[in-house]
Amino acid sequence: MRSIHSGSTRRRAAFAALATSAALVLSACGGGAATEGGGGTEGGSGSDGEQTITFIPKQLNNPYTDVVLGGGEDGATEAGFVSSEVVGPLDASASSQVSFINAETQRGTNVIVIAANDPDAVGPALEEARTAGAKIVAFDSDTNPDYRDLFVSQVNAKDVALIQLELISEQIGGEGEIAILSATANATNQNEWIKFMEEELAANPDYANIELVAKVYGDDDDTKSFQEAQGLLQAYPDLKGIISPTTVGIAATARYLSTSEYKGKVALTGLGLPNEMRPFVKDGTVSEFALWDPAQLGYVAAFAGKALADGSITGEVGDSFEAGELGEREVGEGGIVLVGPPTVFNAENIDDYDF
Amino acid sequence: MSLDRTVGAAPAHPTPGHSRPSALASFLRLRELPVILALVILVAVTAALNPLFLSEQGIKDLLLNATILMILAVGQTLVIITRNIDLSVGSILGLVAFGTGSIFVAAPNLPIIAVFVLGMLFGAVLGALNGLLITIAKVPALVITLGTLYIFRGINNAWAGGTQYFAGDRPEAFGNLSVDTILGFPVITLIAVVVVAIVAVYMLGTRPGRDLYAIGSDPDAARLFGIPVTRRVLLAFVVNGLLAGLAGVLYASRFNSVGATTGSGLELDVVAAAVVGGVAIFGGSGTVVGATIGALLLTTITSALTALRVDKFWQQAIVGILILAAVVIDRIASVRSARKLRIAEARNV
Amino acid sequence: MSDPSRSRTAVDPEQGPTEKPVRGKRMAAPGTRTSEEKSTRRPAAGKADTTKVLAVPKGRTGAARVLLGRDAIMIYVLVVVVLYASIAIPRFASPVTVGFLLLDVIPTLLIALPMTLVIISGEIDLSVASIAGLTSALMGVLWQGGMPIALVLVICVLAGLVAGAFNGVLIAYLGLPSLAVTIGTLALFRGLALVVIGDNAVANFPPGLTSFFTSKIGGTGIPTVMIGVVVLIIAFAVVLHFTPFGRGLFALGYSREAATFVGIDVARSKFVLYLATGTVSALAGIYWTLRYSSARSDNASGLELAVIAAVLLGGVSIFGGKGSIPGVLAGVLLIGTINYALKLDRVSEVVLIIVTGSLLILSVVAPNIAAAVQRARHARQVRAAPLP
Amino acid sequence: MTHFDGGSEATDPTAPERASVLSLRGALKTFGPVVALADGTIDLAAGEIHALVGENGAGKSTLVKILAGVHQPDAGEFLVAGRAVSFRNVADSKAAGISVIYQEPTLFPDLTVAENIFIGRQPKGRFGLISRLEMRRRAKELFDQLGVPIDPDRVAEGLSIADQQIIEIAKAISLDARVLVMDEPTAALSGVEVERLFAVARRLRDAGSGILFISHRFDEVFGLCDRITVMRDGTYIATHETDATSVEAIVREMVGRDIDALFPKTETQAGEVVLRVRGLTRPGVFHDIDFEVRAGEIVALSGLVGAGRTEVARAVFGIDRYESGTVEMSGRPLRHRDPRAAIDAGIGFVPEDRRKQGLVMDLSVERNTALTLRHSLARFGVISARAERAAAETWGRRLQVKAGSPEHAVSTLSGGNQQKVVLAKWLATDPKLLIVDEPTRGIDVGTKAEVHRLLSELAGRGIAILMISSELPEVLGMADRVLVMREGRITGHLDRSEATAETVMHAATASLESSR
């Protein structure tokens, strides 16, 4: 750098300025790596006791994800991983997770735990990671089953769907128009629940008078969900209730309802975080909603990853492993591990939960 | 020669003195006319098909939806009129919105008005940063604000991390600003209207306001003329930041959560609103009122399509067509006036 | 964004730096192109004594020009960054890196090529990512509809061509400002992608094809598709730097009027450029779809700003007239390298965003600061020297 | 078209001691290593029109910019109305009562005419806000005073240069300017417009303003001005009472040497018809244009600015469209609106605006020169840098282009050398017909003669030349035939023997005079 800088022409000076800055920026980043990245350097071997785990959520900086990852970190420590990392994109687009998977593959991470934004887009990258020796655990949102060893599911998809239907039916008195405000149109888990809801609505005579008039997508974006909720109420004046099987969607919809004339007139239920929903339960906008404990999801996924990495299970149906304080878990049909039943929150019990 | 807007382009002799245009004629010449018409037609058609569209709640929602974009479009208009652009407004809004959430958590008893002032100051500082980089380093605004778009967003992410503040974290009175109405108008919309009015009067009726038009019309001439170009452009950016800050505070009032990604991707909507509202993308002409109506039109379309149960997938395409239409209409108008001029001059020679 | 009346009055040694007002509207990208900026160009050395009749062949040609020019800065920065990353970041220096890194940057790289030409000619195209998205959506729907894949690919490229032509007609032939037009088509094409495929995602593309798009050439780690990309890079570099058409683009970017007078068909040149951005964006869309084996309406969204950032970082002037393919290549790879290095180091993407933004600002501010320093030094020398 | 009666022609040049309104002595201005002004000296009296003449690069523009407050002098004494001043910026200069009207006026295209006059000092009404009504009223008043019918409400975009200058003058009047500086105001004006401008200038003079008039046209300088100050190489040479000097004396002082042959046109034998134009029409711009140009012949296209001369040339070259008529090169019809075809058919076009049209100012000398050759230099579609340089150097040498290096941007060259680059790039195409539009506008006397010699030589070599010029002496001196245009029509067709100042001017203006 010095010799270049001593040059006298303008363009050299400009170059020097750029090069210096680039180097500075990088050394800053490198500095960060030196302190925390040490584990990664030796973590690649994959041999006994030196195993590493990395969580790749749908996107960083999402409150629900943070709770899940909190459980994951705990689980990873308890399960005995030497290092556990969280990396991920800032936007939940289909392709944005791929280069993170690539980087982890190259680092030789033993277990990759992923909540897929798109079941197929991450496929080829996960294949490569497996070829390189990594074990893949999907959690929260499944990938195409071909690309992972296990899927740690919140709960039985059908149970989640049914409980939400029960709640809404109760709240609207068993008849009237309802709508669904979901996350992204491609979200694997939401789509599965919606499918079960539709089937149940058609089959169960108890729900014969309930009509599902619309499905809209708020893309797990606060503003968009808010406006979708608003549009629903305008387009369907007779709407009696809304199911929002996503934490962002239900909170945004609750916010809209609580600030509009529809408050108390249109029922709302779905899956929400107690901390986010507390004011809306208290002010009467929402009477009951459901969710499982997200922390358990991460916790179990970490133990599943450990069992896979140790070779104690392979992901076959019937395999079972110890998941710390949550006890033994068994791999079910389709390589799915269930975490636990959903909890229903209402004004009475909501203050007992803090997540 | 299609883009030739040189003043001296016409090989012309003096044009005959036109008589004072009538009020009607000058109304018909308004740059904002097409967008006003489009808005009126849209609302009329939608209301005819779905009366709920113009119910009390419907109007309230329409106005609330447009409020934030309106304020941003006003600020953006100031900047565009000086032949600049600010792509970082979405990021500024996000930072201020999250800042607002943080303030309420840190100091729950702070008067709401103080939070507004702080938020706007914060925005103004960020705007000033843009303005200073552009005017002092003399670098194109497009590049600088593309850079600060990333940087501000990065800072927002670093600051917020996974933290989000929810409506429940803020005083009810603050949230009620976007619930309560006065004469059917939501409070925050009234705030926006006051802002639009103040800025509109400033742009139309004060010397610094007119200077902004002169600068956008021809920056070099403006400098040669003794207009303090640097100071005025800086002012435009500061005001834009201030308004983005205001929008950020209002965002926190209206929506449920503020966090790391609040307001991302808004910048193109804002520029689109200004363009649809008849603000020339290369400065010198256009009004804040036009931009405001542009913002109202864009948000109304979204609501209207939903209310009409039109396939929501068409929404974005229609917004695109609108923008193109605005640009084409503007072009046709200027071609027509140029032709009229040429004919007048040909006769006059 | 170009304008006939836009000629930059620079320094006329006989008159001193002319700050003669340039009349009319310069349709430069929004930005303050000020007279100060113009005068950053060095005043010509004293006239009578140093100027001479052109006679002795002097100056550089060919490779020397590339390696010593302003565009070379980014190449050196890239080299420094790669060296630094190889030393500081474990595992960075490996063929695996090359593979993953290149797979990541290919879409940006592809679109940056025609974008460079467009910006040099004084225009801009913000709709590229939307065209890629539209192509991806179309591809999904057609494939799902049972069309043979070869035909699907052909139709997709044609769709890109048509989208480009649409931009081209509005900008080149109707003379509308490209910034406004492509903001419009950015929304329009993305909207059409939604109309075409809606919420669906199509994933079941032929496995042979998708695996081809992530396959590598032997042990080099270089993705097989890079062969095609390199061919395109060479093609664009030759077109820009060594053909009459390319020469015309530089002239066009500086002064549309002057370009017309030497027989450059301004409208047609611009039209061709937009055809190129459309087509290449379609290729990027196809690549995106097959690499991620997922056709969705939101594919590649937001890519336009990343591409433009990379192109500007590569030394292309937003006002047109300046820039080179090697510089842009370096710009794209620089961002890609930093990006991947940070990921490999598990540094948060937050840092990446801030670094990208800072580099972009620095790349335009630094030359101006350097010029200011230069001027100040000159002024000192002049004051010190006795006047004639 | 309003026509002034010439104002008072009878000024008394021998009037005793006029009060000095502005006095600049020994002003120095440097830009980096370049000394733009070594000794800027001017003394302007109230009630006089004072000419400032000098070759390009003599420092006139720098001096004007010092007066305008754009540049600050490094040294020197500057008095306005007897008081020492030091302007920090344009506003200071304006406040001191100095108004500068540039060759191309600096109006804001998007603002209305009235606002252009009053920008920065708009009259205020209620609540301290701008009163548009008042502004319009005052603007109207100014135009009435000047006797011009300009609509104060229209936007400035699209106004003719002449109207723009009138607006600048209106601005100066409204500012009560004591000093009016006009930097080559007539360069783009037609005869009638010039007369109107002069009438206004004389009126202002009679009202007691001091007017500094900068021009290259001696007929104007001698017809209008009371005193003449000559500059050369950034240095003050002398000031003369107009009546006591002559064109030859002034030119000698400007150049520092005698110029023998300004227009060295040699007789040539006209050959085959090269260009034939028939019935060329674009309604409202030009009508039924018929003419031809033969090999070895210089045909001047004369007339007032705005008569449609440039428009015809642009249409012939394919830049602009035309509605009907034909253009033939060497007997072959030329495609409409296709400059490439025109170039391929052997036409070269040296446009009137060197900076905007003739050159790409930021591009290097060699790239500019090779721009016309880009297709012929390419082998298999690829241009070799070596061939490009060779071509550029050949022609640069032939035309004696003075440049630091072929890689330097043309913007670093002097005006005259820039014009040579423009000529070089067209000569490099080996044209059969060269269209030159105002070939010597804004270049110094020395280079001007060089250009004239070159044109004459080219004609001698059998190239057909179509020359557009507003300078009557140039037209009369150079042309074998003169075509005069008026209102978009050819109204005069004069041979060299018939062409005199009177016959040309008559053809150019006849109906304008009679139709009123």
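Read from first to last, the chains carry the letters A, B, C and D; within each, the first residue is number 1.
Rule of thumb we're sticking to: contacts are C-beta pairs under 8 Å (C-beta built on N, C-alpha and C of every residue); 3 or more make two chains touch, one makes a residue touch a chain.
Predicted model, so just to flag it, every value in this text is computed and none were measured.
Relative to the C-alpha centre of subunit D, the farthest chain centre belongs to A. Closest chain to the protein centre (all Cα atoms averaged), using per-chain Cα means: C.
Between the interfaces B-C and A-C, more contacting C-beta pairs are found at B-C. Subunit C has its Cα centroid 28 Å from the Cα centroid of subunit B. Per-chain CA centroids place subunit A at a distance of 36 Å from subunit C. With centres defined as mean CA coordinates, subunit D is found 39 Å away from subunit C.
For the pair subunit B and subunit D, the distance between mean C-alpha positions equals 43 Å.
Residues of subunit A in contact with two or more other chains: 60, 90-91.
Residues of subunit B found to touch two or more other chains are 1, 5-9, 157, 217-218, 220-221, 224, 283-284. For subunit C, the set of residues that touch two or more other chains comprises 4-5, 19, 21, 23-25, 42, 198, 302, 348-351, 353, 358, 369. In this structure, the chains touch in the following pairs: A-B, A-C, B-C, B-D, C-D. Residue ranges of subunit B in contact with subunit D, taken from their complex: 1, 5-18, 20-21, 201, 204-207, 210-211, 213-214, 216-218, 220-222, 224-227, 280, 283-285, 337-338, 341-343, 345-346, 348-349.
Those residues of subunit C that touch subunit B in the shared complex are 2-5, 19, 21-37, 40, 126, 170, 174-177, 179-181, 183-192, 194-195, 198, 256, 302, 305, 308-309, 312, 318-319, 348-354, 356-358, 360-361, 364-365, 368-369.
The touching residues of subunit A, counted against subunit C in their complex, run 10-11, 13-15, 17-19, 21-23, 25-27, 29-30, 32-33, 36-37, 40-41, 44, 60, 85, 87-91, 93-95, 98-100, 102-103, 105-108, 118-124, 128, 144, 184-186, 217. Every residue of subunit A that touches subunit B in the complex is listed here, in rising order: 60-63, 65-66, 90-91, 216, 221-223, 226-228, 230-235, 237, 248, 251-252, 254-255, 258-262, 275-276, 278-280. Taken in their complex, subunit D has these residues touching subunit C: 28-38, 56-57, 61-62, 65, 70-71, 102-104, 106, 109, 317, 319, 338-340, 342-343, 349, 351, 353, 355-363, 365, 367, 370-372, 374-375, 377-378, 381-386, 389, 392-393, 396-397, 400-409, 411-415, 425.
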